[in-house]
Amino acid sequence: MSKLLWINPFGNDGSDQSIYAYLAPQLASDTVLRVTALPRGPEHVEYHYYESLILLDLLHTIKRAENDGFDAAVIGCFYDPGLREAREITERMVVTAPAEASMHIAGTLGHTFSIIVGRNKWIPQMHENVVKYGFRDRLASFKSVDLGVYDFMKDLNETNRRLTAAAREAVEQDRAEVIILGCTAQLGFFRELQELLGVPVIDVAVASLKYAEFLADLQKRLHWGHSKKYGYESPPIAEIESWKLAEQYQLGDLWKR
Amino acid sequence: MSKLLWINPFGNDGSDQSIYAYLAPQLASDTVLRVTALPRGPEHVEYHYYESLILLDLLHTIKRAENDGFDAAVIGCFYDPGLREAREITERMVVTAPAEASMHIAGTLGHTFSIIVGRNKWIPQMHENVVKYGFRDRLASFKSVDLGVYDFMKDLNETNRRLTAAAREAVEQDRAEVIILGCTAQLGFFRELQELLGVPVIDVAVASLKYAEFLADLQKRLHWGHSKKYGYESPPIAEIESWKLAEQYQLGDLWKR
Amino acid sequence: MSKLLWINPFGNDGSDQSIYAYLAPQLASDTVLRVTALPRGPEHVEYHYYESLILLDLLHTIKRAENDGFDAAVIGCFYDPGLREAREITERMVVTAPAEASMHIAGTLGHTFSIIVGRNKWIPQMHENVVKYGFRDRLASFKSVDLGVYDFMKDLNETNRRLTAAAREAVEQDRAEVIILGCTAQLGFFRELQELLGVPVIDVAVASLKYAEFLADLQKRLHWGHSKKYGYESPPIAEIESWKLAEQYQLGDLWKR
Amino acid sequence: MSKLLWINPFGNDGSDQSIYAYLAPQLASDTVLRVTALPRGPEHVEYHYYESLILLDLLHTIKRAENDGFDAAVIGCFYDPGLREAREITERMVVTAPAEASMHIAGTLGHTFSIIVGRNKWIPQMHENVVKYGFRDRLASFKSVDLGVYDFMKDLNETNRRLTAAAREAVEQDRAEVIILGCTAQLGFFRELQELLGVPVIDVAVASLKYAEFLADLQKRLHWGHSKKYGYESPPIAEIESWKLAEQYQLGDLWKR
Amino acid sequence: MSKLLWINPFGNDGSDQSIYAYLAPQLASDTVLRVTALPRGPEHVEYHYYESLILLDLLHTIKRAENDGFDAAVIGCFYDPGLREAREITERMVVTAPAEASMHIAGTLGHTFSIIVGRNKWIPQMHENVVKYGFRDRLASFKSVDLGVYDFMKDLNETNRRLTAAAREAVEQDRAEVIILGCTAQLGFFRELQELLGVPVIDVAVASLKYAEFLADLQKRLHWGHSKKYGYESPPIAEIESWKLAEQYQLGDLWKR
Amino acid sequence: MSKLLWINPFGNDGSDQSIYAYLAPQLASDTVLRVTALPRGPEHVEYHYYESLILLDLLHTIKRAENDGFDAAVIGCFYDPGLREAREITERMVVTAPAEASMHIAGTLGHTFSIIVGRNKWIPQMHENVVKYGFRDRLASFKSVDLGVYDFMKDLNETNRRLTAAAREAVEQDRAEVIILGCTAQLGFFRELQELLGVPVIDVAVASLKYAEFLADLQKRLHWGHSKKYGYESPPIAEIESWKLAEQYQLGDLWKR
C-alpha cells in the first residue's frame, strides 16, 4: 500500500475536494491519496513571487508528510516549484511534480511534444525546466491560449475551443506527436481532445499522480529513491538545531529527531 | 490486470526461466509476465550485426503478442534494439526497453548518472541513445569493466569487484549521483552495490519491467499509448498484403486483419 | 579502378536499370558501378518496419560484395538504413548512404540547409540522423511536400511544382543556403531547381554515389577506412561459426574464412 | 550617484562590516553602498532548504530597498538565490548576483573558465546556472576543495593551499583561461592567486558589486532595466491586495501603492 | 580616469564627429573618448571581404592605442571583426565590440532577445557569434529589415517604420524580451522604440562603449584583463623582429620594445 | 581535368617543393596541382595576429587563382584561416581547408575523433571550428604534444614519440576511433601511426587536398559550389570600384570585370 499526498501549492482549499474526486479514480487499488492545500498563500502561483510565498509552507508540508509516513508527494503546479528542495529535505519519501512527470511520459510516447500554456509569462521558467529535464530537442513548441489560471474554468466552451485550436496547430504545423496541457488547472479536457486529435494528450495532474505512484513503488520494492549524494544531500539536523531554525520559523517539532 | 511479455532478444532460451524467476517478484499482484527468447539467433547481441539478425524475429514476436492480447512488451537488451520499429507496428500495446526506462528513472532520482558497460565497443550506440532520449547533459560518464555479456556470470566475485570499482569511481571522480548497470546480464548485483555506495543502482531489467507495467497502466486507464501520428504511424495493412510480405517472409497470419 | 555497388534497398528491381542510367554519367572514368535491388522485400521503405524487413538482405548483400572485391557500397535510401551495421561487418570496403553524404556536402557548400521530404512521417528518424551526423545547428528546416515515395514520379509537373514551392519557402523564409532533396526517389529534379533558385540543390543519390567514390579512393590510397576500434569492431568469425548463424539464417558461405 | 544594496542572504550579520570594508574600496566615487544581512535565518545557505528559508526575507528586503530608492541590489551568494523572483517584483531597480556577474566577466576575459567550489554538493545547482546563463561550452571544469562555507576562513593557509592546487590543476589540466572562486566566502584570495597563476582570478563578491554598479548606470542613463515583458512581468498589486498577502505574511506596507 | 578609443572600422572618417557627439554624453565623467576611422578602406563592412581589408589597419590602430596608453578599445561593428586577434596582441588594454557587449547586457536584462539586422547576408556570421558567446538558447530570432548599412540613414521614417515592425514581431510572435539593434548604423532609434514597445532596446554602439568602460575599470582596479594563457597568448616580439614583420608590412615602430 | 592550388599561408616558400612532392602522389591522374606560398608574411601562423597578417595576401591569391582558371584552392593551415572570406569572394572556384576536410572525413570513418595539436594555444580557435563544423559531440579530445609548428621537424624521433603517446592515450583513454593530426606540419607521420594503433590517422594536408579534388569534381559535374545566397554572397564589383579599393590596396586588375 502506498500513501500519496497531493499538494495544491496555494492557500485556497476550495478545490481540494474536486481535485480528489478527479484524481482518485486513477489510483491503483492499494494507493491511498490525500489532497491538501496550504494554510495560507496566494490563490494561484502564476507569478514567481507567489511561488516564493508558498515555498516554505510547501516544503514543510512535504517534510511533515514524510514524518507522518507518506510514501510520495506531488507538488501540484506545472512550474514544479520546490522540487529540488523537497528532494533535499526528505530521506525516504519520493517527490515529483507535473512538468517532470508529464515530460518523461510524453518523451516515451512520441518523438516530440508541444506544451499548451495559459500565458506567455509562464514560458521562460517552464522552458528552463524543459532544458533541465533533458527535453529541449523533443519540444515542438510552446503554445499560449492567453488565459490565466482562473480563466480556464470560467467559460469551459471557450477554453475548450482555444485548447483545441492551439493543440491542433501544434500537431499540424509544429509536428508535435504528443500534447501536454501545461497547467494543473487544465483539468478534464484531455480525453475529448485526444480523441479529436488522434494523439496522446497528457493531463499533467493525472500524469504526476501516476508517476508518483510508480516512484513510490520503486522505492518500496527496490530502494530506488532520490540519491542523497551531492545535489540532494540533506541538511544536517545538528545544524538546523544549533541555529534554532525551528524557533526562528515556528516549525514546531518538524525537525525533531 | 496487465499481461507483459519480456523478450530475451537472442536465440538461447536457457535463461528464460531464471530471468522469469528474477523478475516475477517485482511485479504488481495483477500483472502476468511471460518470458520468451527467440526461435533462433546469436546467443548475445553485443555486435550490431547480431542485433540485425534478431530484429525481425523480435518485431514479429512483439506483433504476435499484441495480436494475442498482451498489454506491454519489453525488449530485453540495453541497446534497446528495435524499439522504434516495435512502436510503429503495434497499435495498442506499449513497448519499452532497458536503456529508455532506466534513464528516465535515473534522471528522476538524481542530477547525473553513470552507465557501467561491459566493453568499450558498446558505448557509441549507447551514447546515441543517451542523446536521443535527452540525457546527454545528465550523463556523468560511461565506465567499461572489460567483460563481455557472457563473462558477467563466469566469476561472480570478479564481476562484483569490477562493477564496484567502476561504480565507485563514477560516484567519486565523475560525481555520478545514480549508477545504471548497463546490461541486462548484470543481474542481481544492484542491491549490494547500492547499499555499499549509498546511491541508487539501477538494475536495467527490473527498471524496464516496472516501466512497462507503468506504461501499460497509463494506456489502459487513460489511453496514453505511443502516438500514431508521424514517427510511429503504422504501415498500412493494404500495402503489406498487396506486396505479399507475409508470404515473402513466412509470416503466416501475423498481419491478417 | 574502384568497384561500387549501389543497392536499392527494396524488393523491386524494376528501377535498377533506370537508376544505373541516371548515375553512370556522374562516375569517374575508372569507376565501375553495379546497381542491384534485393531478392525480396517491400517496394519502398517509408515505414521503419519495411526497413527492418530488408535489413538482413541488405547487410548480406553488402558483405557478399566485399567478399567479391567491391570497394564501396551505397545504401540507396535517405533513412541511411543499416549504415552502422554495414560498417561493422565489413573490413575493407567503405559504405555510405544518402543522408550522410549529402549533409557533409551541403554543410561544406553553405551555412545552412533545408531538407525537402515526402511526408511528415519521415522526419523524426531523419532528424535523428541530422543530429547524429552533427548538423542540427545547420538545419534550416524540414519541408514536407505530402507525397509518398511512389507519388514522386506519378505527375512530374505536380511534383516539380511542390518541390519548387517548398524549396523556395526554405530559401526565402527559413534562410536555407542549400537544399537537399531528401529522398532517392526525387531523381532528376535538382538541376532545374538549382538554376531557378540560385542555390545548390543536392540530389542525394548522386551525392552518395560521389561520396562513395571519394571514400573508396581514400581507402585505396591512404588506408583510411571505417575505424574497426570500438563502435565498428566486427563480430568474431569464430562466434558466428560456433553459433551456426550461417545455417540458422541460410547464409551459405558468406562468413567462410 | 547610485545607491547599491549588498545582501548577505543569511541571518548572521556578524560579517556585514567586514564585507562592507572589503567591498567599499572597489566602488566608483559616486556609488553609495549599504551591506545588510537578513533579520533571521541559517548562518550559511549551502543547502537548498536554507535558500528556501531565506528566500522571502531576501525578496522583501529587495523590494523594500526599491521602495526606499536604491538603484541596485546584489544577492550575496554564488547560488544566485531568488534572482529571477527579485527581478520580477522590482520595477526600476536592477538586481544581480555573483554567478551571473562573474560568468559574464569571465566569458569576456577568456575562452574558458573553471569554478572552484567548496563542496561537490554545490555543483548540480551551480551547473544549472552555468547552463542557464549560456556558459556550458565555456566551462572548463568544476573543482571542489572539500571545504564548507565556514571552513574557508578557519585556516587561511590551508584554504589558500587548496585553492591554489585546484586552480592550478584547472589551468594546466583542464585548460581554463580564467578562474572563478565560486563562493562569496572565498574573499580576498584572488589577488595573490592571479599573480601566482598568471590568469585572471575572479572574486565573485567584487565582480557582482561592479556588475551591479554597471547595470545601475545603464538603467539610469538609458533605461535599460530588466524587461517587464513575459518572464519578469510583475504580479499585479490589485491581486496582492485582494488576497491580503501583506496580512497573511506580515509584510506591512511593502506593497502599498 | 580611463582613455577609450572607438574605432570605426572603415575608411570613411566622415562619421567620426557625429559618432563622438552621439557617444560622449553616455560616458562617465572621468572617461576620455577618442573616435577614429581607419586611414583607408571600404565605406562599410557588410561583406566579409571588407572585414578582411580593414583587419590589419584595425589591429594596428588598436596596438598603437595600447602603446599610447589607452585603456580600452571598441571595434565599432556588430560583426565584432578582429576581436580575438586584438585581444591576442594587446597586453594591458581591454578590447570589446558591439555584439559581445550587447548580448551580455541583453542576456542579463531578459530571458531572450531578438537581433534586428539590415540584411539576411549578415546573419550566418552573426549567428556564429551568438553561439560563440553562449547565447544560442537565448536568441528568440534574427529579423531582417532589408536595408544595407548606408540605407539606415537615408529615410529615417522608413527605417523607423521597418525597425518598429520587425521589433514588434520579435516581441509578440517570437516572445523576445529584449531587442538588439544589430548594427552600429542603427544609431538613435532605441529610445523611441523601447518606449513604444515596453521592452529594453539595445543600441549596440552605446552598449559596447559602456561595456568597454566597465572592463577598463575592472582592469585598473583588479587586474582582470584578457587572459594571456592559451587562446590570447601574445606572439613573441623576438619572432616578430626576427621575421622583420615591421618592415614587411610597413609597421614602423609599432612592435618596438 | 581539375586545377588545384595549395596555398602555404605564410611567407616562406622554402617548403613549397617538398609539400608538392608530398602531395602530388595522392592526386587523381587528371588533377593538376600548384603549390604556392605568399609573397611575404610570418613563417608560421600559430598566432592569430599572424593569420591576420597573411589574410589579405591569401584571399587575393585565391581570387587571382579563380581569375586564372583554377578549380579549387586549399588553404594550408589547420586553423582554416580565411575560409569563409575566400568562399565569399569567389564565384565558381571551390575552397576548402584542413580542419573542415579532415573532420568531415573523420566523422564518416568513426564515431569519435581526437585532434593532436602542437600547443594548447591553438585549441580555443580550433575548438570553435569543431563546433562550427558540427563535430562537438564527435570530439573525443584535444591532445597537445607541446611542440611549435617548426619543432615538428626538428627531431623526428621525438616528434614521433610524442604523437604516438598522445594518439594512443586518445584511443585508449578517450575512446577516440579516429585520430586527426591537427597541423599541416605534422606531415608524413600518419602511415606508421595508423598501422601501429589500428585506427585511421588523418593527415590533414592530404585530407584537404583530396576533399578539394572531390569538391571541384562536384562543381564541374553538378554545379554544386558554395551557395552565393546569404552568407557567401559576393561583394558587388561596382562598390569595389567606386571605393577604389584596388588602388587603396594595390590590387592591380584583380577585381577588373
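Going in written order, the chains are labelled A, B, C, D, E and F, and every chain counts its residues from 1.
The criterion applied here is as follows: a contact is a pair of C-beta atoms (placed from the backbone, for glycine too) under 8 Å apart; a residue touches a chain by one contact, two chains touch by 3 or more.
Fair warning: this is a prediction, and the values are worked out from it, not measured in the lab.
Student: Spelling it out: a chain qualifies if it touches chain A and also touches chain B; which chains qualify?
Tutor: Per touch definition, common to chain A and chain B: C, D.
Student: Which of E-F, D-E or A-C has the same interface as A-B, meaning more than half of the contact pairs match by residue number?
Tutor: Checked against A-B: the matching pair is D-E.
Student: Just grab the chain with the largest centre-to-centre distance to chain D, centres being mean Cα coordinates.
Tutor: C
Student: Based on CA centres, what chain would you say lies at the far end from chain A?
Tutor: F
Student: Is the contact between chain C and chain F built from the same residue numbers on each copy (over half shared) or from different ones (under half shared)?
Tutor: Shared-number fraction above one half, so same.
Student: Rounded to a whole Å, what is the gap between the Cα centroids of chain B and chain C?
Tutor: 29
Student: Please compute the C-alpha centroid of chain D, do the same for chain F, then give the distance between them in whole Å.
Tutor: Those two chain centres are 45 Å apart.
Student: What are the residue numbers in chain A that touch two or more other chains?
Tutor: 111, 120, 123-124, 131, 136-137, 175, 177, 230-231
Student: Any two chains that touch count here, so list every such pair.
Tutor: A-B, A-C, A-D, A-E, B-C, B-D, B-F, C-E, C-F, D-E, D-F, E-F
Student: Where on chain E is chain F touching in the complex?
Tutor: 11, 40-43, 46-53, 55-56, 59, 82, 84-85, 88-89, 120-121, 123-125, 128, 131-132, 230-231, 233-235, 239-240, 243, 245, 248-249
Student: Mind pulling up the chain A residues that touch chain E in the complex?
Tutor: Residue positions touching the partner: 120, 123-124, 127, 131, 136.
Student: Would you pull the chain E residues touching chain D in the complex into a rising list?
Tutor: 26, 28, 96, 100, 104-105, 107-111, 133-138, 171, 175, 177-178, 190-191, 194, 198-200, 202-203, 206, 210, 214-215, 217-218, 221-232
Student: Give every residue of chain F touching chain B within the complex, in rising order.
Tutor: 111-112, 137, 175, 177
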